[in-house]
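Structures given as structure tokens follow.
Across the two complexes that follow, subunit A remains constant while its partner is subunit B and subsequently subunit C.
Let's look at the complex of A and B:
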């Protein structure tokens, strides 16, 4: 337990300066790195003919969609013909069409759900040009959308920004330098980085064994930093070639937690800046108060932290209590449930990694989620269903603000307060879009899960009978719709049905929410500011933190509890109370 | 080949439907109307 507390304390110390740096980038302020990056950026603007003009929310959304569409079609083509292209020393054939469809949507939407094993399904060219490239661009797209959303919601600038400029700035100033440093640290810990083919070695038993290698460290760094999660190898971060030591495990943990947390700080500072503009003369006074989070950012960070810690505690205790069936069989359970876990990580680091990877929607795994205890496995599922516990690449923050608006609106209805957020009145048109964002997520998860358990094509993939089988299905669609990408595994998912349905869940889970959120930001930006009155509900105090947490849990309970009751909860009851 | 065509069509439909969603959202939040109004006043002032 102590190692979890220390890990999280170091995280808080790291996230504050990174959040401050991101705030400077989001608001086009000077940073220490400007002399280097300004030149690179200007060169790229010149080559791509980017003029940097401000966009409306719709222009921003269409630019985002068009850029993503071009990359999707180009990537699909490369995956299909990879067998005849360069950098393919292992002679890997072109990918099957529905699997290419699934893979390309998966990486473009930052999901990284893999229905193939990386080492045998992709050539080195595909790994680098499609997979690693998209890990950068999909993450940059998410952060760009988040920045535009923050600008709109806080109303600090005239427009929501320029999509192309944002993507370039995020890539050159955040993703590339950070991933180079993390990549070097991982190489230091023993992660391979080579273009040589598979090595064949003689084992101690005298047999020959193929050991897959490749440019692993390069992919591994952006995999975590961009909250992507797709591993070079099928076994992901549980294999020593992706995650060799406890230090590499910590590096991977911090790199996936850093930027989503920093986004909240960026938002908090932008919201505080809005207040600073408004009060004019009181600048110095407010500046002192917003040094770390900003009051609005602090509220959201606190609510996310409560949700995260509750989940982590349940997951850790569930895993620590072990498996009663294994205890009955005579296996020692004093260290907890070690089935599917790496001995070098143990229960604590596995529970922390599991909760983190699903809360920050990365999807990388350092243990087998299918082998978690029922309640231990329910937590990652629940956090993907909530999709706002920090979340990945800025999307979690945008989703949490949807809950904030919902909470403000509900409080307004219940106690007769004016529904206002950040000095802007919340009207029916925004609530309509908030409802779409919040409803589309459970609709995709529960709708496709129902389809899978109803049809023969869906049932063919389910390998576990009973409650655990339903958990597998729920997990797969929760992971897809939340753009997480981790697998419960055990599901035979490389079929037409699973490739197409999960592909659609990933696509609509990402873009419907993103477009509606940008529209809300545009709507907020166009509104006039109203002055705070005694009737205005404060959204920067402790009471609101608890209201927010309560609203998130109530919404999750109303939408997902029946499904969870039939899956992991029923399985837990059967296991512990036979 | 047929599966390829089907997959590409599906991708086109997906992206096309997102463009329609963006149009619908614009109609909902009324930012297009406000932009037109702004342009109109701008011309009037000139």
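Let's look at the complex of A and C:
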């Protein structure tokens, strides 16, 4: 328990300076590293002929979609023909079409759902040129969209920014330097980084052992940093070569938590800056108060933290109480549920990693989620359904702001005033877009789950009987729609049915929400400012934090409770009250 | 239409530039840096005895001999196989993962009960006594990766009588071996206490005089 608390305390200390750095990049301010990066960036702008003019939200969305589309086609092509290309020491063949479709959508949408196993499914070239490359670009895309969204919603600049410039700046100034440092730390801990193929050794008993290796560390660092989550090996970060020690485990935890948390701080500062501009220089005092978070950012960060801590507590306690059926068989359960976990992480670090990976929608796992206790497995599922507990790179913040707008709207209805957020009136158009974002997510999860349990092709994938079988299905689609990518891996998911349906869930889950959110930003930007009055609902105080948490839980309960009751909750009752 | 091509051109440009930067330059720079700075770790932390690789300190192994400690249950047999198993196709290549049984899945209970029986029998054969008390959870549950190199100190302790009886080493000797290969919590706070099974077994083999250098 103590180690969880200390781990989180260190996180808070780390996230503030990073948030500050990201704020400087989002708003094009000077940083200490400019002399180096300016040169690199200018060279890249020149090659791509980027002029850096501001865009409207529509132009931004089109450039985002077109760029992603080109990347998808390039990646798909490489996966199909990887067998005849370079850097393939383990002689892996080209990938089957529906699996390639699923894989490429999965990596482009920052999901990293994997229906293949890295050891046998990908050549080293694909691991580098497709997987590692997409981990960078999908994270940069998500964060670019978020920056555009923040610019629009806080209404500082004329346009929402330039997509190409954003992507390049994020890649060169944040993702690459951080990845290099983290990658080297991981190699130091024992993560391999080599182009040599699988090693075969003779054991001391005279038998043989295959030890799969490769350029793992390079992928591993961006996998967490970009909240991607797709492992080099089938068993992801539970594999000792992806996550060899407790130190590497902490490094991986922090790298996935850092940037989504920092996004909130960036937003808070941008919102605070807007206020300062408006009221002129006289309020230099405010500036001191906003140095850390910015009051609007603080509310959101607090609400996310509450949701996170509630989930973490439930997950940890559930895992700690073990499995009564195994206790019956004579297996000591005092340390908790160890099936599917690694000894070096134990129950505490596993529960923390599980909650983190699904809250920050990374999807990397250091234990097997299918073997979690029923309630321990419900928390990751729930957090992907909420999809706003910090959330993936950039998109989590955007989703949370959808809930903020919803909360402001509901409160507005209750007190009978026109709802406002950040001095802009929220009207019918914005509410319709918010409703689209909030409805598409449950619709994808529940709709596809219903389809899967109704059809033979879907049922074939289910490997665990009873209530747990439904959990497997729900988890897979929650993971796809939330662009998380972890799985209840028992699901036999490399079939046409699962490849195609989860591919579609990932695609719509990512792009429909993102476009609608950019549209909201555009519409905010076009609105006139209204002045704050006594009657304006304040969105920067403790009361609003609780309203927000409440709205999120109510929304989740209304949409997902029936499904959860039939899956994990029913399984829990069977396990403990037979 | 002109607009469309201009978007397309830029999309191609940026894709190409980023593929080169993130997909080629970055991993190769990392490979160079890793090989230069941490040669041993970058190549899989291999354990060599007399110049021959016998395993990696980070990857567990399956042991058949009862004079050795057994590791955790693995759904992939730690990728350990014999020549014969490779020829007849029982072994299909390196993998990782777990059984992915849910808590209420019947196969989980059946597997644990079967392994429990086997372990109790092994204990009885070695010591002539019945096993008292419970078996620690990690010993008979499957690891997430199927390659877990560690067991908990409790799981090592429960096996010591078996190892002593089958190896001919004294109890103190085996206890020292376990102690020497126990890794502690980081800063006394983070992680768990754990014993590296392969390192223990290599020392046992050496003490027993098994020749490893053919």
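FYI, the second predicted complex is superposed on the first by the 577 of 578 C-alpha atoms of A that agree within 3 Å, B and C clash if a C-alpha of one lies under 4 Å from a C-alpha of the other, contacts with A are read in each partner's own complex, and residues count from 1 in each chain.
Please note the rule applied: contacts are C-beta pairs under 8 Å (C-beta built on N, C-alpha and C of every residue); 3 or more make two chains touch, one makes a residue touch a chain.
This one's a predicted model, so the numbers in the text were calculated from it and none came from an experiment.
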item	value
Comparing the two partners subunit B and subunit C, which touches a greater set of residues in subunit A	C
Subunit B versus subunit C as contact partner of A:80, first or second or both or neither	first
First, second, both or neither for A:212, with subunit B first and subunit C second	second
First (subunit B), second (subunit C), both or neither touched by A:515	first
Touching partner for A:246 - first (subunit B), second (subunit C), both, neither	second
Contacts of A:326 with subunit B and subunit C, given as first, second, both or neither	second
Subunit B versus subunit C as contact partner of A:490, first or second or both or neither	second
Contacts of A:538 with subunit B and subunit C, given as first, second, both or neither	neither
Which superposed partner A:62 touches (first subunit B, second subunit C, both, neither)	both
Interface residues of subunit A shared between complexes with subunit B and subunit C	62, 69
Subunit A to subunit C touching residues, read off their complex	2-3, 6-7, 44, 47-50, 62-63, 66-67, 69-71, 74, 117, 119-120, 128-130, 132-133, 136-137, 164, 167-168, 171, 176, 179-180, 183-184, 187-196, 198-199, 201-205, 207-213, 215, 217-219, 222, 233-235, 238-241, 244-247, 249-250, 322-323, 325-326, 329-346, 349, 365-368, 370-374, 377, 463-468, 471, 488-490, 571, 574-575
Footprint of subunit A on subunit B - complex, ascending	3-4, 6-8, 10-11, 14-15, 18-19, 21-22, 25-26, 28-32, 34-35
Residue numbers on subunit A that touch subunit B, as the complex places them	56-58, 61-62, 65, 68-69, 72-73, 76, 80, 97-98, 100-101, 105, 429-430, 432-433, 500, 504, 507-508, 511-512, 515-516, 519-520, 522-523, 526
For the subunit C and subunit A complex, residues of the former touching the latter	7-15, 17-19, 21-24, 26-27, 29-31, 33-35, 37-38, 41-46, 52-56, 58-61, 63-65, 68, 72, 78-83, 86, 93-106, 108-109, 112-113, 116, 134-138, 140-152, 154, 183, 185-186, 189-192, 194, 201-202, 205, 210, 212
